[in-house]
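Naming follows writing order (A, B, C, D and E), and every chain is counted from residue 1.
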Amino acid sequence: MYKKLFVLLLLAVLGWSFFTLLQTHQERQSLNPLSKHYVEKGPDEVGAPNLVTAIVVTYRGFDTLGEVTILFVSAAIVGLFLKTENRRRKYKIRSTSEILHAAQRLLFPVMILFGIYIFMNGHLTPGGGFQGGAVIATAMILVLLTNPESPISHRAFNLLESVSGFSYIIIGVLGVLLAGGFLDNHILPLGKFGNLFSAGAIPLIYSFVGLKVGSELSSIILNLNDVQKDDK
Amino acid sequence: MNFFSVQGISLTIGFILILIGLWGILTQRNLIRIIIGFTIFNNGVNLIIVALAYMKGRTAPIIDQVVTRTDAVDKVADPIPQALVLTAIVIGVGVTAVMLSYTLRMYRAKHSLEINVFTESKW
Amino acid sequence: MILIIVSMVLGVVMIAVSLVALHTKKLQAAILAAGVLSLMTSILFLLLAAPDVALTEAAIGSALTTAIFFYVLNKIKNTHV
Amino acid sequence: MVTPIHLVSVALGTAFLLGFTKDRNWKISGGLVLLALLLMNLISGSWTYALFFGDQVPVQVFTAGFKPPFSINLQMGRFEAAITLMINFAGLLGAIYLFDRLKKAGRYAFMVYMVFILGLNVAVMTRDLFNLFVFMEITTIATAGLIFLVQTGKAAAAGLKYMIATSIISGVLLIGIIFAYSLVSTLNLDGIIDGGLPLIKGGAMVVFLILIALLLESKPFPANGWGLDVYESAHPGIGAMLSVATGPMIAYVIFKVLPISGGAWNHLIAITGIITFVGSNFLAIKQHNTQRLLGYSSVAQAGILLIAIGLQKELGHTFIYVAAGLLMTNYFAKAGLFWLSGLIKGESLQDWTQLKGRPVLLFLFGLFVFSLAGFPPSPAFFAKWELIMQLASHGGYVWMVFILIGSFFELIYLTRWFGQVIGSKEKSSAQPDLATHRLVPVGIMGVGLLGTMVFFLHHYAPDLAIDFIPIIFIAALFILDFLPAFLKNTVTILAMGWYLLQHISDVQNDTVRLIFFLIFLAGGAISLLAGFSYKGKRIGYYPFVAMTFVGLTGLVTATTTLGFFLSWELMALGSYLLISRGKNAQKTSWIYILFSVGGAYLLLMGFGVSFAVTGDGLLSSLGIAARALPAVGILLTIGFLSKIAAMGLHIWLPGAYAEAEDDATPFIAGIMMNAGIFGLILSLSIIAGHPFTWWLGWLGVITAVGGNILAAFQEDAKKLIAYSSIGIMGYILFALSMNIQMAWMAALYYVVLHFLYKTILFLAVGGVIFRTKTREMYQMGGLIKKMPLSFISVLIGIIALAGIPPLAGFGGKWLFYNAVVMNGWYLQGALVFFSGVVAFLYCFKLISAIFLGQAKDRYRHIKEAPVWYILPQYLLIIGLLIFSVLPELVLQPVAHALRSMPGEGIQWDGHFAQTSFGYWNAFIVMTVIAIMFVILLAWLILNSRKAQKVKQFDMVFAGETPFTPETSHVAYNIYAPFNKALGFLVVPVTTWFWHATASVTDASANHLRKWYNGNGQTYALQMVIYIVMFYLIIRGGF
Amino acid sequence: MSFDWLIKIGYVLLGLFIVLNYGLLQYGVIRRISARIGKRIGVKVYQPYIDLIKNYSFRSQITHGVMFYLGPVFRLSGGVGVFLFMPLIFGSEHFSNYSFSGDLILILYFLFFGMLGMALGAGEGGHPYSFIGISRGLSQFTTIELPFTLAVISLAIQYHTFSITDIVAAQQGGIMHWTLMTNPLATAAAMLSFLGMMGNSPFNVVIAPQENPIGPPTEYHSTFLAVLQTNRAILGPVEAILMVNLFFGGATNWVSLIIKSFLVFFWPVFVGIVFPRFRVDQSIPWFLKLPFVLGILAIFLI
């Protein structure tokens, strides 16, 4: 009981310190110089209407590279931890209802298409690699829900993940060789502002990121799902 | 700092979520609840980041017919924190996934989810 | 003005949901509450003019995290060895 | 050269490529990883070479083709290049070490390992705060993955604790970053530093959030439970990577981000560093698990690195050498120890006895432990020296004291560990698995450490001002250790002789130094002769002997304080290793090293203060410093007192001398004690008139009286002579504390005298013990018939010791009497003479218990002591006789050297010495007594020609009772009445005191370490408390 | 190489002869007086001569080894050595022996020479009783020496010299100049420690009654015992002469020397007869009480 009281007191002091931080904070009236630069020059330099994507993919592309590595490592660790069980064992599962099967057959292609749409148009409309990948992963969950033994092979996802990751690195290195620096999107022509194939390599990078995130999250789910049955 | 604006409210909510998250981490004994505490903690931090990007009456930083290239500067919210928070959310997921797999292996080792059971390496 | 009222209501609900998430008896309910909390957050992101972030939060924060939680919980239930 | 960004592309490229391979074809994935690491090593290696030795200037690498504030940039300066090289080199060796473990875990493990190395590299290089956060997060998650490599429940728990702690840290860091952005609207580090956060309203809080997060990442003392559990339960290979790769990364990140506080946080960081350094070392004392001990030590090393970073302004240009020294020692030694612990089967320190019988591994183990403990010539020694000097010169005396206390705790557990491995008798049965791929990294680390030692020795050569031939000689002996013992013995003696002739010229003019120089080298060579009587290889003996003598001669020839201190520590280490070779010398050698290094730390403080006053490290300038600040002299004196075992600091001496090998004790006792005296002469000459010397006089008296009385009650021969050494040291200390010429002459006379007869006694007793295989006197007896030569040398030794006229001892007493009366310390003088008379007691006990009385029948066929023991004794006896007949050979040059001292000297005409109080003619006294003795002997022989020789068991004629059970030796506890009367004087108060302090430290260390109760949640709570306390302290504006 | 050193030896031997006879007679007189106090007749005054001649003329001797053999030689050379360095008659060039080559400290430490020899010889004998004797003798002697050292130091402060001839010179001219008068405390301390030095009754547990010897000379007999007795005859008077020189104004001629040393010699005898014998662990602290305090006062009140 005393422990809880003590923690409460502790959090009260922490809260008070955050409160003092908040008090000094003034809501800005205009954009700060850095973001003003991005907003004004962004479209010309990078050619992507969606400024957030512009920052995420090119300006701070190195962060996104780090970001993808984090997901890659998490997927690898989940795989490392749950690898001990052998995969291809037959096990009895109660069958799912017919309605679920029908819905799944209808929804699955739509969701995949929706996911691809999101990361293809990352630079035009809100969305991008991460969101697209997540939608694809949810599609996978739907499949696994309806049929846990579905023959989705791990190999396929791993290959997809490695291909997209490696090509992401190739684009980065190309940036160094051809254009200004690592992950620069000027290796491809900026094209007309606003249509699909514009803003240099951004759509290419973001689709690879989308594929990679999608396959990683699905491999995490697959790892978790495959061990559905209790293991000896 | 007027606490009556959208930014003010969301910042306060963010900090309160952080405190609730920490409360969950420090007092709950079940491992799953501790990880839930973490998700709340991350949620709070992400909320603060996005709240700082918002300005009164501003819209999404995407240039389209409504927000033209010329007057974007006074219409658009700050895009940089939004870019950062994307990374933060995905880090949150990554960390949660790793923690959960740890909980799985710990459960397999000691068949318990109480954190005070796992005090093998101490002193 | 409406935005302020909506964000205030949303805030109160979010705090309530997070407290519920930590203190309910059943674990499934707790995980669900966490999912709802992140859904609410993504709505608040919309109010804060950040559609990209809202989409990410919805897709990853609520959908995937909750799915992973449930899978892990299910796996723990089935391990009897 | 290739742009540093390719470090990233190579690492990540390989990581993603590994996805294609399957677990089965581990050859490909393993090969890929090693190739990638090799490439990364080449890149950072070429950059380091170019930046340090070439004319390359630090370079900024831009990403995404835009300038920094708008995009992320990496920097490759000198620091970054060096640290990335260290990380990649450790990564490569780590991968080789962990290869079979990673192979078993499959390709995922290789991926995680590659990403771990990548994360470290980029975290060091990036100049963008958010990017730093992302890549530190990558390192954290990758480490979490690697912790679980050993797949044990304990590792899983430790992994989760690690994740919980680091997630809280990253949350706090993220809040700090985003508020920093909202205040100075840039995420680039240089931008934030120029933005001047502390000046903006609310900026201080942001600085607090960022720096507290980074500080928590470096595992500060009270809040680092999670770090220590990881060290304990992870695979040793991973523990090594955490300590030598992640540690430097975090230290450099703190160094990089610290300027955002505008210098306000420098001292805060240093304080947390001190608390961590002292706290972790203190708790490490009670550790039994090897991994956890190494964990504590790594956290402590990170602490002292923080101190260096926090005090970089004070350290100025020397900061690089201090940081480099600490970093390199920890890098090589800690990695080596972790990898060694991987070879050993079993977790406790005891299991390291498996190393016995493997000289190369033992050498490496000793090299790592002693360089960590900061013994010369390790880089840490020079780093700590520089740190103390700079601290002292900036008046940071409190810092200095704490650092020394911390390193003393460190010394306690490191030497105890070494003692447990070398000293313990039982050898654990298990065999270490010596797979080549695990041995090679350890070997490389050893070579690396030796390389850095050479570099630091070369760099500090001008300050050291000692020549390096002796140190090369030590290294040569280490290499030639496989040769038989007699060969090495001849080589050592010849080398000492050559060095004596070579360097006699440069001590020629200063008589005091000449005396000590001759004692150290000539005396050493003679006493080493006894070594010929031992067969076999005697692994390790001769290098340690060489180390001791190089240290001793270094003292005499040193001109700078650093040279003196290096020789002092070298001598302490050499003698410690020698003593620890003794059969059951584990505990006693441990106490010995603790006392001698404790004294050395006092010396270090003294030199520090003198450096603060005079600014130059010359020995000659100590005098000036002492006049300004007598504390210099006092500190030095107390330091030297611990070496000559003055009462209160003496409990190490009897054990150390008794347990050392029989042919090592003569020169450890007879010669090495004079090192303390030489130091005292140095320190007392600079605080001549200070009232402190009055107290010193009394300390001398107490030591003399206590030492001699204790000696009388000893049953162990070597302990008896050891206590008598304490007594004589009391004499010399008493004489030196008097500030008149006559007293100092008496002291120097005693130094020469003490060297002569102490070495004779120890050699003789050594010879006897060599034959009788026991040290207990009541087990000997009646050996005069079988070992007459030893008897005669002991007889001469005790006559000289007791000060009985014909021999040189009387000369000392005569000088003493004159000095006491001249100086006016009458009461102290009388008590010292009382102790002289008491000396007579144990002299008689020594000779009668061993040689006289009734012989035991198991010594019926015992032979005389080996010739190599007898020869040095008689060489020294000749020296003693010459000295007795012609004392002026020594006294006149000494008088000349001390002419500047107040008080009158001796007038000489021929052999006749005259002072205002009395006169003494050694030559005539000797001749008169000799002639008289011969006449009376003739008179007795004349009267008892027909004397009939009687054997011990001749019941008819001799009153000697026949042989009775062993223990009823006549001389056993012979001074029981004396003990009953005056025993109260020597109740072992000091021994009780020191054992009490030791048990108090043990108990409190044992109690305090319960702070880490293994519960992950408590660790998280401790961290939040640490944040809040830090905040309150800052908010309180301490 | 003039012959003066030959004449010197002649006078020294003459002095030695006088002191030897004087010693033997003195011990005879002591035994007679102490018997008379004990209401016994006591032996003849010349009894020591008889013992000496008896012991020297024994035919059979046994020796336990070299050190046993050398023990008495050390002992006697100790006694004769102290005699050699002691100036007997003040002012007479002939009878100041070799005192010019060593001062008071030399004599102080020369006492040990004899003791060491005795102890080693007895040790070689191997008889357990002799070891008990040695232990008692040595431990007792430590504290006996202490008051005497204090007295010697206070003398050195007073006369600013250690050489005996100078001290005697300073005490010439009437009784008022004796150290007894000018420095009574030092004299008292010295005389009390003199009790211990002579080994008479309160402190004679070492050699105990001659009949059942439990001290060091247990194993000594015939010639060896004779040598020891000659030493006792010389050492006793010489120590008395030392006290005379230091505290009672020395002697300018043989007669005053003999009278003064005879009286000084009888001080321990009288004390011995009256007081019972101390055990060793009693006698050691005794010397640390009164004599030690007197010695300290002597130093500080000089």
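Please note the rule applied: a contact is a pair of C-beta atoms (placed from the backbone, for glycine too) under 8 Å apart; a residue touches a chain by one contact, two chains touch by 3 or more.
Every value quoted in this text rests on a predicted model; they were computed, and no experiment measured them.
*Asks:* Out of curiosity, which chains are bumping into both subunit A and subunit C?
*Replies:* Chains in contact with subunit A as well as subunit C: B.
*Asks:* If I average the C-alpha coordinates per chain and also across every protein chain shown, which chain's average lies closest to the global one?
*Replies:* Per-chain C-alpha centroids compared to the overall one single out D.
*Asks:* When the centre of a chain is set as the mean of its C-alpha atoms, what distance in Å lies between subunit B and subunit E?
*Replies:* Subunit B and subunit E have C-alpha centres separated by 101 Å.
*Asks:* Averaged over CA atoms, how far is the centre of subunit C from the centre of subunit E? Could you give it in whole Å?
*Replies:* Measuring from centre to centre gives 108 Å for this pair.
*Asks:* Could you state the distance in Å from the CA-based centre of subunit C to that of subunit D?
*Replies:* For subunit C versus subunit D, the centre distance works out to 59 Å.
*Asks:* Residue numbers in subunit E touching 2 or more other chains?
*Replies:* Correct list: empty.
*Asks:* Please set out, as single numbers or ranges, the residues of subunit B touching at least two other chains.
*Replies:* Answer for subunit B, listing residues that touch two or more other chains: 5, 7, 12, 18, 22-23, 26, 52, 60-62, 80, 82, 84, 86-87, 89-91, 93-95, 97-98, 101-105.
*Asks:* Hunt down the residues of subunit C that sit against at least two other chains at once, touch-wise.
*Replies:* Residues 50-53, 56, 60, 64, 68, 72, 75, 79, 81 of subunit C touch two or more partner chains.
*Asks:* Just spell out which pairs of chains touch, all of them.
*Replies:* Taking the chains two at a time, the touching pairs are A-B, A-C, A-D, B-C, B-D, D-E.
*Asks:* In the complex, go through subunit B and note every residue touching subunit C.
*Replies:* Result: residues 4-7, 9-10, 12-13, 16-17, 20-21, 23-24, 28, 30, 32-33, 35-37, 39-40, 43, 46-47, 50-51, 53-54, 58-62, 77, 82, 85-86, 89-90, 92-93, 96-97, 100-101, 103-104, 107-108, 111, 113 of subunit B touch subunit C.
*Asks:* Which residues of subunit B touch subunit D in their complex?
*Replies:* 18, 22, 25-26, 29, 31, 34, 38, 41-42, 45, 48-49, 52, 80-81, 84, 87-88, 91, 94-95, 98-99, 102-103, 105-106, 109-110, 115-116, 118-123
*Asks:* Subunit A touches which residues of subunit D in the complex?
*Replies:* Against subunit A, subunit D makes touches at 3, 5-6, 8-9, 12-13, 15-20, 61-66, 69-72, 105-106, 108-109, 111-112, 115, 118-119, 122, 126, 128, 130-131, 134-135, 137-138, 141-142, 144-145, 148, 179, 182, 185-186, 201-202, 205-206, 1021, 1024-1025, 1027-1028, 1031-1032, 1035.
*Asks:* Considering the complex alone, what residue numbers of subunit A touch subunit B?
*Replies:* My answer: residues 3-4, 7-8, 10-11, 14-15, 18-19, 22-32, 34-36, 38-40, 43, 49-52, 54-56, 59-60, 63-64, 66-67, 70-71, 73-75, 77-78, 81-82, 125-126, 128, 130, 213, 220.
*Asks:* Residues of subunit B touching subunit A in their complex?
*Replies:* 1-2, 5, 7-8, 11-12, 15, 18-19, 22-23, 26-27, 52, 55-56, 60-64, 69, 72-74, 76, 78-80, 82-84, 86-87, 89-91, 93-95, 97-98, 101-102, 104-105
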